[in-house]
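A short write-up of the structure that comes next.
Residue numbering begins at 1 within each chain, and the chains themselves are lettered A, B, C and D in the order written.
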Amino acid sequence: MIDQTTGPSPIVSLGVRAATPLALVIAVFVFFAGHNRPGGGFAAGLLIGAVLVLRSIAGFPLPFRAIPLLATGTIIACTVALAPMLWGNVFLDQVVVEQTLPLLGKVKSGSALVFDIGVTLIVSGLIVAVLDGFRADHLATPPPDLANEKTNAENSS
Amino acid sequence: MITSIAIALFVVSSLCAMIRVIRGPGLADRVIALDVALVALMGAIATKAASTGSTTYLPIVAVVAIVGFTATVVMTRFLEQGSSS
Amino acid sequence: MNAIIALAIVGPLAASGIGLLVRERHHLRDAITLMGLSATALAAIALLIDVQRNGTTVVRVGGWDPELGIVLVADQFAALILVVATLTILVVDIFAIGQRGTASTGDQTVVGPMLLVLTAGVSLAILTGDLFTLFVAFELILVSSYVLLTHQGRAAQLRSGMTYVVINLLASTLFLLGLAYVYAATRTVNIALLAERIPELDDGVRLGIGLWFLVVFGTKAAMFPLFSWLPDSYPTAPTTVTAVFAGLLTKIGVYVMIRFHTLTGMDDLGPVILVAAGLTMLVGVAGALAQNDVKRILSFHVVSQIGYMLMGLGLFSVAGVAGAVLFLVHQIPVKTVMFLVGGLIEDDQGNSSLDKVGGLAARRPIIAVLFAIPALSLAGIPPFSGFVAKLSLIDAGINAGSVAIVVVALVASMFTLLSMSKIWLGVFWREPTPPSEPASSKASKRTMNGATMAAVAGTLAVVALAGPLWNMSEEIARDLLDGQTYIDEVLGTDRGGVASP
Amino acid sequence: MLWSLLVVHLLGVAVVSMVGARLARWSFLVAALPMAFSATVAAIALVDQTTTRAEFTWVGPLDLTIALRLDAFSSFIALLVSGIGVLVCVYAAGYFSASAQGLGRFAATLLGFSAAMLGLVLADTVWTMFLSWELTSITSFLLVGHQRTDPVARTAARRALVITAGGGLVLLGGFVVLNDAAPGRYLSDLEPVTGTGATVAAILILIAAATKSAQVPFHIWLPGAMKAPTPVSAYLHSATMVKAGVVLVAVASPALAQTSVWTPLGVTFGTASMVWGAIGALRHLDAKLILAWGTVSQLGLMIVLLSFGSGKAVFAAISILFAHAIFKAALFMIVGEIDIRTGTRDIRELSGLYRSMPLAYGVALVSSLSMAGVPPMLGFPAKEAAVEAALGLSGGERTVALVAIIGGSVLTVAYTARFILTVFHGGNGTPTAVAPRRWLMAAPAAFLGACTLFGFAFLGNITDWVRPAAVTINNKAEVYSLIRWPGLTDAFLISAGIVAAGAALGWAISRRATDTAPRTIGADTVDMSIDGSITIARHIAARVQHGSLPGYVLTMVAVAALATIPFIGAIDFDMITGADNAAQMVLAIFVAASAVASTQVRTRLGAALVLGSVGFAIAGLFVTSGAPDLVLTQLLVETVIVVGFVLGLGRLTTTFPRHGALWQTTRIGVSLMAAAAVAVGLTASARGPVPASNVERLSDEAVSEGGGKNVVNVILTDIRALDTLGEIVVLVVVAVGVLALLRRRPEVVLSPDEPSRLPEPTDNLTGADR
């Protein structure tokens, strides 16, 4: 039985710390893999989200606020949608650029990839919002005195 | 052949675990069973990938591993708190 | 034109993103919202002018062939409804900005961005030529309206929000299933291709699809017996939100129903639609008569009036569909104004119950006038917009020989007038009741009155422009019922590889 | 020119409603100016016998044209409407006290009504007429309910509105049918039509006319409307609005008089009203009500004459309309003056007024004699013309007309006699205390009295006006004229008999003391049926709007299931095969089993987990179908959903509530229906022949155009990127909503006594966690 007042055990904490970079690397991989293989922005976003859920449960504070993440994602996606029109193309037209990146090798990246960044930001933003909204930190550090809280609520209502 | 048997076994174990998910009886049983089912599924996919050399499903294994782990931790946490209050 | 169509859809989305970023800075956020909505409205107007001049514009999003990708179609019908819808939202937003100075509570930071998302959803629903994109548009509308409905966090709002969201999510599920049926049967979700392929299907499948989408769109449109979510949820929402909802949401349901069921040649569903239309009128107006609160009465009228548009559609004649289109154009501003007036009453009195409010005609004659015009319009009293719309429907009904539905429509009109007189007798006559404390500031009252007046002016504009609007409606109806025009416009007349096998 | 009439009126309405608050009762004089203008215009047109028209097309294809026509008939009526309007305005300025509230609004509404009435008279298309018709209903509603704090006035206003506006809708139907049956553009040149359409139109138009002109049985709103201030009664309920029905019958008769129903129905309405109205006038004790019932009777006479529609009858009808407008307005004004000066209109309390109010008495006497049709008053030649008209008919019509007109006229004379005897000569001899005369009230009445009197002297001129007006309606009216002294004709003898019999009857009845004021039979019925329909509405609303979300969901699912019925016939059973491979079969069975099992789990989290296993098994199905991307997404989403459940469940009870057996059975039944419906729908819609799949093309173009080997990803980020854009914004909104809803302390907490409409009772939905 874990002591409720101190939060999760150091083992969980350590495990989460170790898993974080690993998961993030996988997320990046999945993100870029998406073009030719299963994956993509949505999966990457969910992976990042999963990491955040884990960290949140282990008692780490959330690293971002949800709304800026969501807003940025929206703006990026909309910009990608509108940008082709600057060149006189139909909106949401695809622009493909081929380039060689370290580690990943030759990557054909297009505006779709930028669009996918927006997707990733929004999906992880959603998870941050859910964690924030549901006060998931309570799962990590339960309120000091549940009974006390209840009487307070009753008094105030 | 071997691959097929291995995959079949994984599927069977996965199904067995799923039955436990359905039947319960406790919440903890279901949580553990779901985890087992996921691991079995990952095993099946990995075996398939190893035998065919196709990497298509590999990202799935990685993702499922991380996410499945997360889910299990969350639920454990929930169970813990449910029992304390 | 491609740029303008993109602006009408992606513009408000981008603005909502920016609005969210600066949500804590009230003036900036309001300015962005206002700009986003104005830009959309201007885009809509430009689109309408262009469509009038140069005919339908079709945008193949991302340059993909209609068989694979999404097309956006700005034909007359779409452009017309888009103009009315975006202008309405713009007016309501101005009202909402005025209301900010009042005692209304809740998290105002998200209202603007959500309104923008709603606008984008409405634009998308109107402009899309693709059934799946329509689903996406419905989702956009649904989630943003759910947030708008509940953002004040009152218990009653949460409860009615639950009804709203559950029923509408169920409708979305049914929509998805419908997409599955349609795709299985025709291998496409492009509306123009559907217009070509659905009539060729086996009758059972065709009618099944038609009925299924009648249920889906009927739920959105609050058709009998699928309307119950509406009167439960609308009255609890904040005024501005209800005004947009009442003006737009159900009408979008009707819009897509008119589009889908005419283009795919569902004429033989006419009797079913007519029966539903009659019941919608009667049950809606009965509900209105039973209520004792302005907003609740008005909410039931939203339902009742849907019946008239369904009647026009159900006749499946050029005159009938044209009447339905005209009715749609008239209903959007009228319904919005009515709820805005409900908001003015609430602002003055603190509530809108017929038992607790009285004597407003003497104390706030402006509100009385602002109420009277749309109320008479709703009841179909000339010279207001409702009269022209109703007359066209009744004319169409008689020409089609559907006397029963005409009689029902007239009876429902009678009861509409009766329930309007109920509001009038309750709220505007009787002994004056004291205004609520604290009263809103002068400036905010001015803004709210101004916005309402602008909306009333909009309904009067429908009266003044009734002639051109009718001509347009008739043309729209002819094209919809014919179908081939739309198919040719979207797919092009020379379609080598695209033609269905 | 014609537009300027309406423009001036509308400007007047605007001006009066703006400055009315300051002008108080003098705003009536401002309101009189536009009326005076239109009266002048009408008079000039009448004397010059010119015809002017104006029109503008509102909605061409719907035949929605607004057209005005000032001809012999309409200028004659317009002169009455506007002229009496001016007098009523002057009268009203005297009627109201200086301190009365809301007079500006009242004057503006009165002027608005006058404009509507003018429009109705000048209307030359059905829709012009309908528009004005409805506006008169609305403005009269506002005028009758002027005392808005008085519940009786409000009820009366509502009753009048329901009946006259209901009649308006009947008229709408009638006009639509008429437009179809008689495709003339203008009312003034409608051709005679017959046939089913014309018959239906005739019935509907006559009913509409009857509602407006207070014909039995639609008269019940009129006595109640007497609750209005007397200027309103004098204007609306004598001279103008109630004449709208008569005008309608007159205008429509050229087209519809040939239909089989026109004459019988019109005569029935008219005769019943003549008799029942007169009886009402003989029963009532309120002087104003006596006049109101008398109006019902007189209108009946006009409708009877117009329904017969012969040249003489039309001529007589218009003459009576003219005479009636003048004497009835005067009589109402006098009654109002009595009301103001003595404080009562109850004939039992009035005494010896002939001495204390000599001028009023004089005017009343002149007007009453005119009403009774006694020379030398304007009413006499008019009544004479009516009798002549009846005599001029032939066969059964002649008998009916004679009986109706003679019977009605006897009663008319009787109630006229009773009116004068009880109001002015009644009581115990000691005159009722009387306040000083107000000249603003007395002068208009006196003017009208003089008109009645001098009208007799200028019968030739009046004939010159009435005849062309009648000719407009029926071109056989040419030969008739109003005659001062006809000699001892049949008609004159009949008239003399009528007067004698009526006077005797009236005298006899006025001797009889009645103590209790009679009620208006039927008025309660209207109020009750209004309230009754509200009650019924309440029942219906409670039925369909029961507030139970599970109920709504069940209705919706059931309706959707019914919608799949057409699919059943289209199922191609040969096409149905088993699974593609064994794994699919196993997984499918497992999915079904888990779905059923999820309904049996008692704890919420358990149910969530079991549903999760459904999701995982579906991911397995995707594996067997070779859709790796879907597998990935499905697994991720299922996991996230389970996590979300866990986070959210903290706010709900841990177990499901139990339900009754019936409810449970219903739910199972509907669920099975839904399942069957989906299965049927999919099986049927997947039957052949379907167009070839475009998957090949999709995967080719995904690589060539989209530049990616993962087709799903290319679809998401390129081909259908717009959908993705929409859906990610949906996610943004959901996130914003989650934050907005959950991060705030709720303002109200669900109280236990409030009926919960949530699908499941919850202990802490609003998230009071801080």
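To be clear about the criterion, contacts are C-beta pairs under 8 Å (C-beta built on N, C-alpha and C of every residue); 3 or more make two chains touch, one makes a residue touch a chain.
Predicted model, so just to flag it, every value in this text is computed and none were measured.
Asks: Quick one: which chain's Cα centre is the longest way from chain D's?
Replies: Checked the centroid distances; the maximum from chain D is B.
Asks: If you tally contacting C-beta pairs for every chain pair, which pair wins?
Replies: C-D
Asks: Could you tell me the distance, in whole angstrom, between the mean C-alpha positions of chain A and chain D?
Replies: Roughly 60 Å separates the two chain centres.
Asks: Distance from the CA centroid of chain A to that of chain B, rounded to the nearest Å?
Replies: Computed from C-alpha means, the inter-chain centre distance equals 23 Å.
Asks: What whole-Å value do you get for the distance between chain B and chain D if each is reduced to the mean of its CA atoms?
Replies: 69
Asks: Touching at least two other chains at once: which residues of chain D meet that condition?
Replies: Only 628, 631-632, 636, 639-640, 643, 647, 650, 705, 718, 721-722, 725, 729, 732, 734, 736, 741, 749 qualify.
Asks: Taking each residue of chain C in turn, which ones touch at least two of the other chains?
Replies: 10, 13, 16-17, 20, 61-62
Asks: Give me the residues of chain B that touch two or more other chains.
Replies: 56-57, 59-60, 63, 67, 70, 74, 78, 81
Asks: Could you please write down every pair of chains that are in touch?
Replies: The set of touching chain pairs is A-B, A-C, A-D, B-D, C-D.
Asks: Show which residues of chain A lie in contact with chain B when the two form their complex.
Replies: 2, 4, 8, 12, 19, 22-23, 26, 29-30, 33, 37-39, 43, 46-47, 50-51, 53-54, 57, 139-140, 142, 146
Asks: Write out the stretch or stretches of chain D touching chain B in their complex.
Replies: Its residues touching chain B are 583, 586, 590, 593-594, 597, 601, 603, 605-606, 609-610, 612-613, 616-617, 619-620, 623, 628, 631-632, 635-636, 639-640, 642-643, 646-647, 649-650, 654.
Asks: Spell out the part of chain A that touches chain D in their complex, as residue ranges.
Replies: 34-43, 46-47, 49-50, 53, 66-67, 70-71, 73-74, 77-78, 81, 92, 94, 96, 108, 110, 112-113, 115-116, 118-119, 122-123, 125-136, 138-139, 153, 157
Asks: Where on chain D does chain C make contact in their complex?
Replies: Where chain D meets chain C, its residues are 57-62, 64, 101-102, 105, 127, 130-131, 134-135, 138, 141, 145, 148-149, 154, 157-158, 161-162, 165-166, 168-170, 172-173, 176-177, 179-180, 530, 533-534, 536-538, 540-542, 544-547, 549, 551-553, 555-557, 559-560, 563-570, 678, 681-682, 684-687, 690-694, 697-698, 701, 705, 718-723, 725-727, 729-730, 732-734, 736-737, 740-741, 744, 746-751, 754, 756-759, 765-766.
Asks: Within their complex, state which residues of chain B touch chain A.
Replies: 55-57, 59-60, 62-63, 66-67, 69-70, 73-74, 77-78, 80-81, 84-85
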